[in-house]
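Some structures to go through are shown next.
In the two complexes below, chain A is the common chain; its partner is chain B in one and chain C in the other.
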Partner chain A sequence: MKRLLLAGVGLFAASLLPAASHAQGTVKIGLILPYSGQFADTATQIDDGIKLYLKQHGNKLGGMNVEIVRKDTGGINPPVAKRLAEELVTRDNVDILAGFALTPNALAAAEVSAQAKKFMVVMNAATAIITTKSPYMARTSFTVPQVNETLATWAEKNGDKSAYTMVTDYGPGIDAETAFQKAFSAAGGSVVGSVRMAVQNPDFSAYVQRAKDLNPQSIFVMIPGGSQPGAFGKAMAERGIDPRKTEVLGQAEIADEHALASMGDVAEGIITSGNYDYNLDNPMNKEFVKDYNADYNRNPDFFSVGGYDGTHLIDIALTKDGGKTDGDSLIAAAKGASWDSPRGPMSIDPETRDVIETVYIRKVEKVNDKLVNVTIASFPNVKDPFKAAMQK
Partner chain B sequence: MLPPIFGVLFDGFAYGMLLFLLSVGQSVTLGMMNFINLAHCSFAMLGGYMTVALMTHYGWPFFATLPCAFIVAAVVSVGFERLFYRRLYRASDLDQVLLTIGIVFISVAVAAYIFGTEQKPLPLPEYLRSSLTFLGLRFAVYRLIMIAIALAITALLVLTVEYTRFGARVRAAVDNERMARGLGIDVDRTFAITFALGSGLAGLGGALAVEIVGLDPSFALTYLVYVLIVVSVGGLGSISGSFVAAALLGISDVAGKYYVPAIGAFLIYLVMIVLLMWRPRGLFGRR
Partner chain C sequence: MALTRSFDAPGLYFQSRTRWRLVEIVFWLATLLPFALLPDYLILASQIAITALFALSLDLILGYAGIVSLGHAAFFGVGAYAAGLLSKYGWGEPITGLLAASIAAGIVGYATSFVICRFRHLALIMLTLGFGLMLEELANSAGWLTGGFDGLQGIETWKLFGHFEFDLYGYVAYAYSLAVLFILFVFARRLIHSPFGLSLRGIRENYVRMPAIGAPSRAHIRTIYTISAAMAGIAGALLAQTTETLSLDSLGFERSAELLVILVLGGAGRLYGGLVGAMIYMIARDRFSGVEPQYWYFWIGVLLVTVVMILPNGILGGLAKLAARWSRS
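This part shows the complex of A and B:
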């Protein structure tokens, strides 16, 4: 027992020492992602985004060689994420923590980042409060209120006066429900009802039938990507809800490429809000999609750009602070960083360390016999409204 | 015009039949052979990938892929049965669980390696995705077909097990293996065929479920819980028990989500607990 205690004290002391054991000019990044389990595909896309950025830049960030240590959380698993972050910091001596597809895991690792003073880049997890949990954290994805409040306000301005909200009963779902309802009511619309749906839910017929009974002008949906959007689309088709008549609104997941393929023509007319789509019409994105396809044989999605831009941010920060790898220098350099991404111009808010970017409203249309998201409105430089409200 | 309760009943029954199709193979392996096969949904996943691959890469029509899903899952499972399973027929429950959960994890990794981690859509023709309107209610064509297939499988299995020579051999072999061998029954072959039947049914169920629940490598784990619930509520060793249990669970799940969505997610487990407290051996359990 005594020896164990001593070892623990030793480890703790070691973690307080500045990481002096690095080879000159190498930056070590610890990636924490759910490489296996239900969210494996999210991890794959983020990881491929990171790999592509590194490949395009000769495997160097800010002129330094890059060494990546990958850790698998296996899904939503905060204690494991925290332990992995601790191991990365104390045993592997990483300089930067990155990845983080899922909110609970990001929150757990944030404590480690704050205590060990390590720069942490959140490449996907989208709950608004995450970035408040460590002063060394920046985010390159989006926040749930950022896209959903924009969507709600837009929908009300464009003639939707009544809405029914359907969200999955988990963190991001409840976040989205709150954001949408708040912004929709503030704009003057009325929310006629809402439902929180089971997380494990292979069949949506009962929930969709309830929505149909109320006959609202629009239905807002927030469900996790993966198998559920397809199932939701089919339930809609079976109940006879036509997105071209009853407006169906949601976050990017419900109309991503795979969801559209599995829903088929019933998806036509669905309106989503998001920060990226592989069809975005700008030269940089065209190049990005081409390179991504060449290496990974599929289209990038918003997860991929989260990883790609997260790596880009690390690159910018290391360049700006002259290769210093401590948390204080890196976060100072990251604040206010701005760059061009395949998603359009973006930057890091110097006050909140959160992402500022264009939010696109897209509609599913059939172009050349293929269902795609067509941009119908775009809002540049949107900040996270949740933290803006917190500061007031 | 029919009141909405009929719609709820239909949807619930259809959902129950989906659960039944996924778990009927398990009520053969776990229920009849008494082998705890957690890898059941891995064989279902194999059937699902078979159907998707044949349709997207070779342009086969949906219904032609179904027998293939059955046969491939059955053939692969015989390989596993000869190599691994048969060594553990008389082993403890824990050994069986450890072996099969290992197979589940391996199958998840292999599926991710071969097919990738993304969702695989099933390119069904439009007529299968349409619905019929009858007395003011909409009935989805695909759900009607699922119900028909589930009923046909139940009838066939019950007849096979209860009234054929093969069924009698299986029951004899499970109940008293030594005696069965003594009577000249080829127990090894009987078990191999029964296991293949169970896994083939898993493959078929998986293929039919893809359209509703989607398909990615986590399929092998995600739906395992539902399968175990259906088989244990139905009662070990009873095909018709699984059928009734699936219908009951499906209807209560859909009705719960429709009328009281706040607790809808828990209702299926609540029903399971109540039913198992009332009948610990399941509705039609014999053992």
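This part shows the complex of A and C:
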């Protein structure tokens, strides 16, 4: 009797310990995203992608119950991101770190992932080097060189012999500029000039005028999404650049749904490169867009699909390793994982742990009186060229 | 005041001010509690200590000398980048990193103090704001040095005293930050309760009249501004060293504005104001954002409005008033 009582007390005491509340068959995921501040919309789209996947799969990943702890970085703030990652690991005992919309935050949390040996899924941040910072990290979005080198090579092959590049003066912009210029020159085209524009509230008209004066066959543009594409469209209209005559090339942001709405008809003819668009014509995507609209009353974008597929990857890894939640088992299971996504077939490169996917070249066209991105070329199984070059 | 009763009076006055009170001793002992009671919160505690040090540095100029600054993060950032760059290029020793950071920030502070000391009030807000923005853009454009938008990569802090490694749980980070905060707090406390500190308060109250009684306003402002800048630089270096990450936000406008909020919340012009403000603000932030990751700023807003409406002189100002009323009755 006494022993039984002792055991009872012991059990009760154990149930009070935080580690013991970690019930059998539950996987705990720590999500780090900029839920507040100027990137809040990005975080919402990623989060909604995650929620939709979980809803479609009965809130279970790899047969395990899922518990999610959400943490807000409030924008670009690496010290906070790192602290949140550390706290998620030490205080909340999460098994997996996920989310990461912004490169500086992902880089800061990568150290925690490496140190604590935790599986980390980057669902958006697109600077090439991120995945090299922790051996437990995989990415389900895209990389800046991946989409832009593909775009540059395609453009040159399709008759653009001269290009002018205009990028915002920050990490992803500079990455995009480097990637585009490198691939464009390598393909045989010539870059007639380039400019880096201020991050905050730039006045595009002067830049656009300079581009027009040089009269290149194409202009490559990389600017942050949000309010800037609209302003850029206005400057193009004012200075008389018609994307149907001078090819305007860019990354997905400049012609996503919101950008097109704010730019209006001047956007017609813009060519972008990206891994996803809600107009992609495949049955899985049609289903995805329908479900997404039913729950969140808007169209998904490449952020949503990053979150959706990131959750899918966790599901695959947990299924494959039989529910083991330690970093080594999970990353081993994630390497080489491949699945069908609304964006098309995709996989995780077993060597670099980065995403391999189809890159789509799309052109803005008017369909049923509405501006949409129409796929004009697609390149399956594109690896991140930056890391491929690193390995050589 | 009975200052002129005898020649000893000023000395006695300062002595009575510098004596450590029981509340203070209890306060500092309480800062050790997290080690025993909340070992899961040490990383947060270390960042609170760093913010407290930063707020203390602003208090020296804002609370005591009346210099309103909306660009104090500039010095925080200069210190952080000084320590970060030093570490990136091969010297990750923490203590010397702090020294280097304080020197770098102090030099920038001294250089700008020549402009600062000529202006008061609104003009100062514009000046410090503009200066902060300039520095931020400079750091942004010097991407080859600062890493630009993506932040500085490759910071590695060596073991403290060659012995204690900065761990995942933050034991060393908190001990280190707290020790530095305490040392600089004692220094600031001594400074404020000195004739120099008293003349600073005189300058705050009447900038023009102070020179008439032999306290050169401009020279004093230059001195305190430089000291404050160096201290902010040390806070920045602490953050860079303990987190081993660094990006442009460390010298951005938002950090300056947040700091001002923290100081006003705690109570400006009281040594402990910044400390208490940092504690309350950061704990509230941690709690609110944990419960409501999307709209937690709403609750921060509620907290600020409530505190400012009920306690216009900050939390410590309110407490002091309560204490005064209690001792009278």
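The rule is simple: the second predicted complex is superposed on the first by the 370 of 392 C-alpha atoms of A that agree within 3 Å, B and C clash if a C-alpha of one lies under 4 Å from a C-alpha of the other, contacts with A are read in each partner's own complex, and residues count from 1 in each chain.
Note that a residue touches a chain if its C-beta (ideal position, glycine included) is under 8 Å from a C-beta of that chain, and two chains touch if they have at least 3 such contacts.
Just so we're clear, the structure is a prediction, and the values are computed from it rather than from any experiment.
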Quiz item: After superposition on the shared chain, which partner residues are touched by A:199: those of chain B (first), chain C (second), both, or neither?
Solution: both
Exercise. Figure out whether A:191 sits in contact with chain B (first) or chain C (second), or with both, or with neither.
Key: neither
Practice problem: For A:258, select first, second, both or neither according to whether it touches chain B, chain C, the two together, or no partner. | Solution: first
Quiz prompt | First (chain B), second (chain C), both or neither touched by A:78 | solution = second
Self-check item: Touching partner for A:36 - first (chain B), second (chain C), both, neither
Solution: both
Self-check item: Touched partner set for A:266, first chain B, second chain C, both or neither
Solution: first
Practice problem: Using the superposition on chain A described above, determine whether A:239 touches chain B (first), chain C (second), both, or neither. | Solution: first
Practice problem: Quick one: classify A:230 as touching chain B (first), chain C (second), both or neither. | Solution: first
Quiz item: First (chain B), second (chain C), both or neither: which does A:213 touch?
Solution: first
Quiz item: Touching chain B and also chain C: which chain A residues?
Solution: 36, 40, 43-44, 169, 199
Quiz item: Hey, which residues of chain C end up touching chain A in the complex?
Solution: 40-41, 43-44, 47, 140-141, 143, 148-151, 153, 168-170, 239, 243-250, 254, 289-290, 293-297
Quiz prompt | Residue numbers on chain A that touch chain C, as the complex places them | solution = 33, 35-36, 40, 43-44, 70-72, 74-79, 81-83, 86-87, 89-91, 103-104, 107-108, 111-112, 115-116, 127, 169-172, 174, 199
Quiz item: Touching chain B in the complex: which residues of chain A?
Solution: 36-38, 40-41, 43-44, 169, 195-203, 205-207, 209-210, 213, 226-228, 230-231, 234, 237-240, 258-259, 261-262, 264-266, 298
Exercise. Spell out the part of chain B that touches chain A in their complex, as residue ranges.
Key: 4, 7-8, 11, 15, 18, 108-109, 112, 116-119, 121-124, 126, 129, 131, 138, 140, 143, 211-218, 222-223, 253-258, 261-262, 264-265
